[in-house]
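So that you can tell them apart, the chains are marked A, B, C, D, E and F in the order they are listed, and the count of residues begins at 1 in each.
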Amino acid sequence: LPESAERTAVPGVATGLAVTGTGGDVLFIEATAMPGEARLHLTGQLGDVMKESAHIALSYLRSHRPDLVEALDRTIHLHVPAGAVPKDGPSAGVTMVTALASLATGVPVRSDVGMTGEVTLNGRVLPIGGVKQKLLAAQRAGLTTVFIPQRNEPDLDDVPAEVLAALDVRPVGDVAEILAHALERQDAVTQAA
Amino acid sequence: LPESAERTAVPGVATGLAVTGTGGDVLFIEATAMPGEARLHLTGQLGDVMKESAHIALSYLRSHRPDLVEALDRTIHLHVPAGAVPKDGPSAGVTMVTALASLATGVPVRSDVGMTGEVTLNGRVLPIGGVKQKLLAAQRAGLTTVFIPQRNEPDLDDVPAEVLAALDVRPVGDVAEILAHALERQDAVTQAA
Amino acid sequence: LPESAERTAVPGVATGLAVTGTGGDVLFIEATAMPGEARLHLTGQLGDVMKESAHIALSYLRSHRPDLVEALDRTIHLHVPAGAVPKDGPSAGVTMVTALASLATGVPVRSDVGMTGEVTLNGRVLPIGGVKQKLLAAQRAGLTTVFIPQRNEPDLDDVPAEVLAALDVRPVGDVAEILAHALERQDAVTQAA
Amino acid sequence: LPESAERTAVPGVATGLAVTGTGGDVLFIEATAMPGEARLHLTGQLGDVMKESAHIALSYLRSHRPDLVEALDRTIHLHVPAGAVPKDGPSAGVTMVTALASLATGVPVRSDVGMTGEVTLNGRVLPIGGVKQKLLAAQRAGLTTVFIPQRNEPDLDDVPAEVLAALDVRPVGDVAEILAHALERQDAVTQAA
Amino acid sequence: LPESAERTAVPGVATGLAVTGTGGDVLFIEATAMPGEARLHLTGQLGDVMKESAHIALSYLRSHRPDLVEALDRTIHLHVPAGAVPKDGPSAGVTMVTALASLATGVPVRSDVGMTGEVTLNGRVLPIGGVKQKLLAAQRAGLTTVFIPQRNEPDLDDVPAEVLAALDVRPVGDVAEILAHALERQDAVTQAA
Amino acid sequence: LPESAERTAVPGVATGLAVTGTGGDVLFIEATAMPGEARLHLTGQLGDVMKESAHIALSYLRSHRPDLVEALDRTIHLHVPAGAVPKDGPSAGVTMVTALASLATGVPVRSDVGMTGEVTLNGRVLPIGGVKQKLLAAQRAGLTTVFIPQRNEPDLDDVPAEVLAALDVRPVGDVAEILAHALERQDAVTQAA
């Protein structure tokens, strides 16, 4: 059983993919909500760009998903362990959207799904770096489905065939496609939105 | 179909033109609104001058367009992808005005229109740099109409004839001229204002 | 027709004079008001001293002009184009008072008037530098009346006779003297205050 | 009688373990509550990572322990003596959770218990460094039970046998296991939650 | 007529004494009040210590002069011209107390009075530097009465006899003694307090 | 009559002991209260550690002395003269508690009492440095009773016998012991708490 099964057992946690100094790694985005005024508390030694990604993720949901606005109108704490490791970059955008949507809907994220991609305010998925290292890490971590940005599809040429065989890699252009799959009981909700 | 068609399909997105290290490029200004107190949230690694431009754009609309004040009296998030690329300078001023006016009116910006120009609190369009590179980028991106500041008209001498032939370049002195054209169904609203 | 005619056509804009690296120049102070809590938003890459000048200008009007308090009890945005040029120093004080008083009264500033001078909380006009360069710039820009601080009167010795002949230079000790002249229909208001 | 008996006599104090320049040491996390708006005041020259740990600890309790939300909805001051010694790192996470839970329940922390471990927003206990030095310090300080992260179990190989004999070392994966033991009368509360 | 007569003609202005690079100088503390929440706005390029002095001066009056609390419960702007000159140090404390008390009572400060001294929260007057240069500057500026801290009395040995003859130098231990004299119609108010 | 008699004549002032570059010195902590929201305003060029000490002192009283909560629920200004001298360190903790308790009860601090010691959120008194220099300074200043931390008792070996003979040195483990003695009419209140 991969670590992601344990970590994503509760709503609000999504599995991302990062490039580190020594290759790729999975990374868990944790979001929780608590009573209090609407604000986003960020921890995990996040850099400027990654903090902005979190705000973009929240604004995307608050402006494009009226069904989730009320659930997100609380104090939300988004944390990215490990707490002492500095992290930065925009590529966790889609993972943050997914973690927050999971929190808001109460639907846990599928534990076999990983994802990477910058997200815009309108949900467009922009290309990121390190596709090869990230897919290798995804396979190592026991993930089976990985969402990547459509514009990163050419990077798949460099990924070993056995990795591509083991993974269901899905290039996407809109983060809504990720939400529809990763939030298990999400289909009905998406159609109603 | 140019990328701008996809990006500007929703209200709140306008196509600007930037000078980069390697020539010119199109840049999309995204604005969304959500419930909450009136404030402007800015992301995209914007420098001081560009952040000020966004506030000037909003203040211009809030003080000169009474018909839009109510629509702008919410939490507005303005983002400029790509999220990890630092950006600065005043020349996105008119694009920011256009994105915010599109958001406030609900009218999408024409997808074939690009623009560049500093804007003042009263809507005057001040000259900017890089006219040649910006027009080349506009043509490459498939745009057909480009607004530039009136005081940049002399810079057109340096632009290749085939670029000028392909583009409808419109020098303007007041940002209201851009709004009247770029917001497709905007004419009636402008006359009523 | 000088540029100042176009720029000062709306209430809230006053024409100042600055010393730049290459001589003197005119500079336009733009102020606009919008609904919202009473606060002063400053843009134009203003330095610490110039930001303080704007607050002094506003406090002068709010504490010495009870007739204007209500009009100034809104969100006020004061901008000094060009947006990318850093600016600093106290000598725009009187221009800021004039722009804000014009905004509050709705009376446009006379387009043929320029001014320079530090202002205190009680409206005293303190001496500034660069009188010669500023008067040369005023003449070049087509201004006809220029207010300078009384204590700068000795500096007029260094100004070419033809510049002094072309300009009506008025040394003043109190900014109220500037307001009485520069705000065209201001006389009655001033007498009633 | 160890110092911890005196320090943990009141609710809101938990005994942690730290690595210092000269080995390991015990450290006391003190939390108090007072009337006022819900906020967390941190003192003790805490670094960025340690401040984030405190916020994670509080958010964990506020989102996972509905029975404690009301008690934590006050101004909480968390201090880590000695006041002049800079401290940082994520390993006091579980101790902070325990101190805050003790404060909220009014149940003092068992004085013979020490603990170390990073905590996530969902209560997972992540591995830390310095297990050997920390256990030596725990024994020196007269503690008898020490909680460490499950993923640090391999580090016990390096700990002298007499230390392991003297201590009841308990590897845990979830901070709730620590709370169940360290808050003496906590068992009933935990079952009811 | 000295400049101080003109500057202190309105309530809220007091004449202080400063040491500059080239000797001593008089300095005017200007305070004005305007509608708005109770806060203290400071300008004049004041350093940390001088800003703290202003807060100490206001707190002294708000905690020791119940008769003035209501008048000080507004937005107060305290400015020290000239605006571009950096200033620091605690020795303007008594001058700030006097300017604020003048503002609150509406009684102008006597134009022939100068003063220097650090003030504590309880109105004690602590010693300062530059007594000789300050008294020379006071005489030059046409002042006739100067308050100095009691503990600076020994410094008068170094002041030229003709300066001491021309000035009425009054060493004081409590700022209330300065207020009693400098605020012309203040006596009755002080007795009633 | 020592200076402390004059300074501590009003409630809210306590006499501390500091180590300076040239030995030890007495230092007065002044606290005043004024109408306004509950907050702590700190002046006297205090460093980070000393500012934290002030917040710890206030939190100790607000969480352990319900009888004082209402009196402390105002804007409190705590100042440490002289205003231009930078100060830091945790050893004024007990003096800050005493000054604030004096302010809240209205009972002046005994003028013959000095004190030094770090304080924790629960009132524990932790050891400090410079015992010898501080006791010498206390004697010089005419103090007769000095409270020091219990864990500093061994340092008394290095203090000259005549100093120890002249002073009543009282090692304490809890700041409540200091309050019971230093606030003259405090005994009854303490017993009732």
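Details
Everything that follows uses one rule, which is that contacts are C-beta pairs under 8 Å (C-beta built on N, C-alpha and C of every residue); 3 or more make two chains touch, one makes a residue touch a chain.
The structure displayed is predicted, hence computed values, not measured ones.
The set of chains in contact with subunit C as well as subunit F comprises E.
The greatest centre-to-centre distance from subunit F, using averaged C-alpha positions, is reached by B. Distance from subunit A peaks, on a Cα-centroid basis, for E.
Centre-to-centre spacing of subunit E and subunit F amounts to 31 Å, using the average Cα coordinate of each chain. Inter-chain spacing, taken between the CA centroids of subunit B and subunit F, is 61 Å.
Across the assembly, subunit B contributes no residue that touches 2 or more other chains.
Under the stated contact rule, the graph of chain-to-chain touches is a ring, a single cycle where every chain has exactly two partners.
Taken in ring order from subunit C, whose neighbour in the chosen direction is subunit E, the chains follow as C, E, F, D, A, B.
In the complex of the two chains, the subunit F residues touching subunit E come out as 6-7, 10, 12-13, 28, 30-36, 41, 43-45, 77, 79, 81-84.
Those residues of subunit B that touch subunit C in the complex are listed here as 38, 48-49, 52-53, 55-56, 59-60, 62-64, 69, 73, 89-90, 93, 118, 120-122, 124, 126.
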